[in-house]
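Shared between the two complexes below is chain A, which has chain B as its partner in the first and chain C in the second.
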Partner chain A sequence: MPTPTLTQFIVITLVQCLLVVIFVFVVVPLTVFAERKVLGYLQQRLGSTRVASGHVGVTGWMNRGMWKWGRIPVLSYWRGIPGLVADILKLILKEDVIPAKADKFVFFIAPALSMVSAVVVFAAVSFVPGVFFTFPAWFPLVGGLPVSGGIADINVGLLWILGVASVGVYGIVLAGWASNSKYPLLGGLRSAAQMVSYEVPLAISLLAPVVLTASLNFGEMSTRMAVGLPFWGLVPQILGFLIYLTCGFAETNRLPFDMPEAENELVAGFHTEYSGMKFGFFYLAEYINMTVVAALAAGFFLGGPWLLPFGLQGLLIPASVPFIGQPHAIFFAVKIIFMLFTYIWVRGTIPRYRYDQVMSVAWKYLIPMALANLLLAALVRCFAV
Partner chain B sequence: MEHLLETIGRNMFAIFGVMTLCGAAFMVASRSAVHSVLGFLFAMLCIAGCFLSLEAEFLGMAQILVYAGGIVVLFLFVVMLVEMSKKREKEVFQLQSRYAVVAVLVGAAVFVGVFRKVIFGAASPEALVLRPELAQGLNVANQNAQAVSRSLFADFLLPFEILSVILLVALVGAVVLAKTERV
Partner chain C sequence: MFKNEEMEINLGPQHPSTHGVLRVKLRLDGETITHCRPMIGYLHRGVEKICENQTFFQGQVWTDRMDYCSAVANNLGWAEANEKLFGITVPRRAQYIRTMLNEFNRLASHLIWLATHALDIGAMTVFLYAFREREDILDMNEAFCGSRLTTTAFRIGGLREDLPPGFEKLVTKFLAKFPSCLEEYENLLSENRIWKKRTVGVAKLSAEDAIALGVTGPVLRAAGVPYDIRKAFPYAAYAEMDFEVPTKTEADTYARYLVRMEEMRQSARIIQQCMDGMPEGPVMAKLPKILRAEVNEVYHATEAPKGEIGYYLVGEKGSGNPYRFHVRAPGFINLQALPKMAEGGLIADIVAAIGTLDIVLGEIDR
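Our next item is the complex of A and B:
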């Protein structure tokens, strides 16, 4: 295999970045849409159906037939998708209001910080172990070169993920401060306290995989968690997954922990004063953060690119089985999408916590549980691996 | 193209160094405390970049995680709550300026004295390693988390533990001080 020159290396990395961005920007709008629909069905209504292609779309046509038969259109799952285009157009074209007393510079930079720290996390996420695909030989400049399954599967990938994710707090705090208004400030302060608190159990729950796999590299960790653990590795994996998931909900400010933007208390929280694409950046960053948390959950606990979660892959399916014995990016993507569905599912199921309950959940329950889980993982590592 | 990229790659440390200095200068020069914190954040991230360009990935990530993600957030938290009266703060800055010049001069003199050899002396032919035998069996370029942990938890365990006890004492002391003030 030829070693790439620096130029080729950079081009390949840019291609990888492009692929990840495409993946993210396909998944995020679909999540927004799915949230409307799934939440609708969870609450016994149809979700968004108004903006539909009507006469030309297949489902529109079928639904028209169903109305004629006097039935509820069960095939309305895809109606409302054109509304996404309208949404994006609205975000881009709306007037960008900056409050007169706002701190212009910080007001401008806060959404950017939020967005960048959300996207950049993907640098250390490895979607498939080894080579993802190889450029065909006729391709200019990079023909015949392999593209690995992660942009930069570095030795300290987990630290990169945690570090950059913790920089994401600034976006929210600074947005709350720069708006120079009471509700955003309250939302920003709340979120700073909440996110800093939940970072602790989140990091500890991710330490259990580190202990079990003796690595900080995302690809190595997901591989060993999926196929390299003994039977007893199941217990700390499942416990750690539940703790991680709870903390992930809090870190991304989703229900039941959406304190920073609790509508009925704080108007819209930290982004009350934002409009236009600046608000759009916060909106996108929230969904990208959800995707990041989903990707980490999938990679560390749900077996990553392998089929079965929680290390069952290594116990049940030998690598010799075709297709399901081998890693595929498609399994990873499906797991991420399932986790995103879980987000919506939980949002439709559990009501919001009170603020003091949020804090006591973090400090009184999750941290001791995460520590116990770490101890369990260490015992498994000591006696069973 | 190739040549240009390689030159940039070789001078990454210098680039990040200059960016760090810019961030630090912005921190000192800006009148708003929150802007200062932003400059500080930028400087901290660029220092992480400096570590990365020196192939010390673990230190770089620890820099981001601890400073950018933890300490500067606390700074921001305090500054946001303190910065309610902008006027008085300006006076404080003006009062300090005379002493600040003296402090900067003293600091610069001490800095030059300590780092005279580093700045003006000849570059050492090979990288300085405190105890090269610690890195045995490890590919330090790829495994510097392992290398750091080996020196922390095997060879310098006692100083490390003493340091953490000192930190704990400071923490408890801060809690005690804050509590007595309130009661």
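Our next item is the complex of A and C:
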């Protein structure tokens, strides 16, 4: 394999970045769509085909059309896609209002900060084991060069992920402050306190896999957690997984911890004054963060990103078994989808904590528990590995 | 140097959880509420004054539009106040049908309360479940009087029409499924840790304060005072019904939740009894074309879902309009307890307090 020149390296990285951005912009709308579908089923909502198919004009026509889709076996699951498309169009076309007294530069930069920090995390997450694809030999400039599954296979991947993810909170705090309005300010204050608090147990709960696997590289850590230990990594880390999950919910501002935007208290929290695509960026960032949390959970706790869960591969199923014997990106996708479903499931089930209760959950319960869990991991590392 | 400032903030009139156009002026120390004053009047239409310029028959239409979530209960109070004013005896069958519809209305109103209260606290699913059942009740309203929300269900002297054919079937079907629906809500909420954390001990209102402020309805009963006008001063057919008045002594949001859930059970019981013991006969008393007042004034109180709704009517001898009309709206008086309940709590608590008071601004502002 030829060593790529600097130009070739940059081109390949850009291609990878493009792929990640495409991934993000495919996954997020699908998650939004899935959220509506799943919540619709959980809450037995009547969809637009039931309530609006009698309407005149475009609305009624589209809804009658969607009603007919329902008869087509596979397509029937995709009823409601026009609503999603309309939503995205609305976000893009809506007037972008900037309040007169807002700090315009900060107001402008805040959603970008949220969005960028959410996307950049993916640099250290590899989606596909090893080589994703190789450019054909006739391809100009980069012909014959492999494109690996992750952008940056750095040895401090987890640090990168945690560091960049915590920049996202600035987006929210600055948005709340720059709006120069009272409800966003309260939302910003809440999120500052909440996200800083939950960062601590989140980081500690992720330290346990680091201790167990003696690595900070995403790929190495996840593989060792799945098959590198004499047992499946989740077994001693079940508590860590639950702590991680709770903190993940809090970090992504999802119910039951959606303090910063608690719509019934603070109208819309930090993004009250945002409209159009600036609001859309916050919206995107939230769902990307959900995907990140899901990806990390899949990687570290659910048995490696590309492997079957329960340590099946390597321990029970030999590598020679076709398809399920080998690592595969599909397993990663399935695990992410499962985690995203859990998010929606929780949202449909439980109410919201009060702000002070959220803080006491973090400081009184999660941090001590996370420390105990870290100690447990250290003991396991000492005596069982 | 740091300045320690309190922030003044308006909760409403456009806010997702003020149940309409309530505006609450809050002074916040961080997130703690130090001062809270409800501001009302954004939905004032002058219902009382309008009614004074209309005949006794026409006034009922306006009672629909006061508490639009419990229009039937308002209609009942209006009709009975007028009957008291003119000394009309309502046929027994009409009384039973009124009682039954009133209890259905209580269910609908409590379901709205449960839905919005749960939504305010973040339990979105209960909201949609409760609306699903309320839909059946509205369908029954529609079957009975043609309209779903602003019912104008009764007439002074009885009912305009008897129950439509097939109504029993609707009621039986509803009563068969309703207990399991209630269980579904309680499964989601009653023992939910977060729900209890958000409601137990929140927005307390002691029995003394409640009585001093004139608070009635489930809020008073959750403080341990078993005052229910259906029992204390029976009207319609309530004297013949067998039901209990649930009370709790904790006087917090959770107790009010339990009281209202139990009230829904009792309402279902009353509906069942009305169905079983429904007498035959006419549904309308003989009335003159135009009612002209004889007695000078009446005050008639009934137990609306939200508390005591009282109609004060002054008739002028020989006139076809009320000389003076005043409504003691339960929401208006219950709302006055809000500062007592919310001050010292957090922003999230005032949302729970507004939800648990179960206010409808149409009735408060009139």
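Everything that follows uses one rule, which is that the second predicted complex is superposed on the first by the 340 of 385 C-alpha atoms of A that agree within 3 Å, B and C clash if a C-alpha of one lies under 4 Å from a C-alpha of the other, contacts with A are read in each partner's own complex, and residues count from 1 in each chain.
We adopt the following convention: contacts are C-beta pairs under 8 Å (C-beta built on N, C-alpha and C of every residue); 3 or more make two chains touch, one makes a residue touch a chain.
Please read these numbers as outputs of a predicted model, since none were measured by experiment.
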{"item": "Fit or clash - chain C, chain B, common chain A", "value": "fit"}
{"item": "Chain B versus chain C as contact partner of A:Ala137, first or second or both or neither", "value": "neither"}
{"item": "Which superposed partner A:Asn155 touches (first chain B, second chain C, both, neither)", "value": "first"}
{"item": "Touching partner for A:Cys382 - first (chain B), second (chain C), both, neither", "value": "neither"}
{"item": "Partner chain in contact with A:Leu174 - chain B first, chain C second, else both or neither", "value": "first"}
{"item": "First (chain B), second (chain C), both or neither touched by A:Ala100", "value": "neither"}
{"item": "Partner chain(s) touched by A:Gly348 [first = chain B, second = chain C, both, neither]", "value": "second"}
{"item": "Which superposed partner A:Val164 touches (first chain B, second chain C, both, neither)", "value": "first"}
{"item": "Vertex chain A; arms to chain B and chain C (CA centroids, nearest 10 degrees)", "value": "110"}
{"item": "Closest approach of chain C to chain B (Cα atoms, Å)", "value": "6"}
{"item": "Touching both chain B and chain C, residues of chain A", "value": "none"}
{"item": "Chain A - residues contacting chain C, complex", "value": "39, 42-45, 182-183, 186, 190, 255-256, 258, 262-267, 347-357"}
{"item": "Of all residues in chain A, those that touch chain B in their complex", "value": "5-7, 10, 103, 105-106, 109, 154-156, 159-160, 162-167, 169-170, 173-174, 177-178, 185, 188-189, 192, 196, 199, 216"}
{"item": "Of all residues in chain C, those that touch chain A in their complex", "value": "7, 9, 15-17, 31, 118-125, 127-129, 132, 188-189, 192, 194-195, 197-198, 346-349, 351"}
{"item": "Complex contact set, residues of chain B against chain A", "value": "1-2, 5-6, 9, 32, 34-35, 38, 41, 45, 57-58, 60-62, 64-65, 68-70, 73, 76-77, 80, 142-145"}
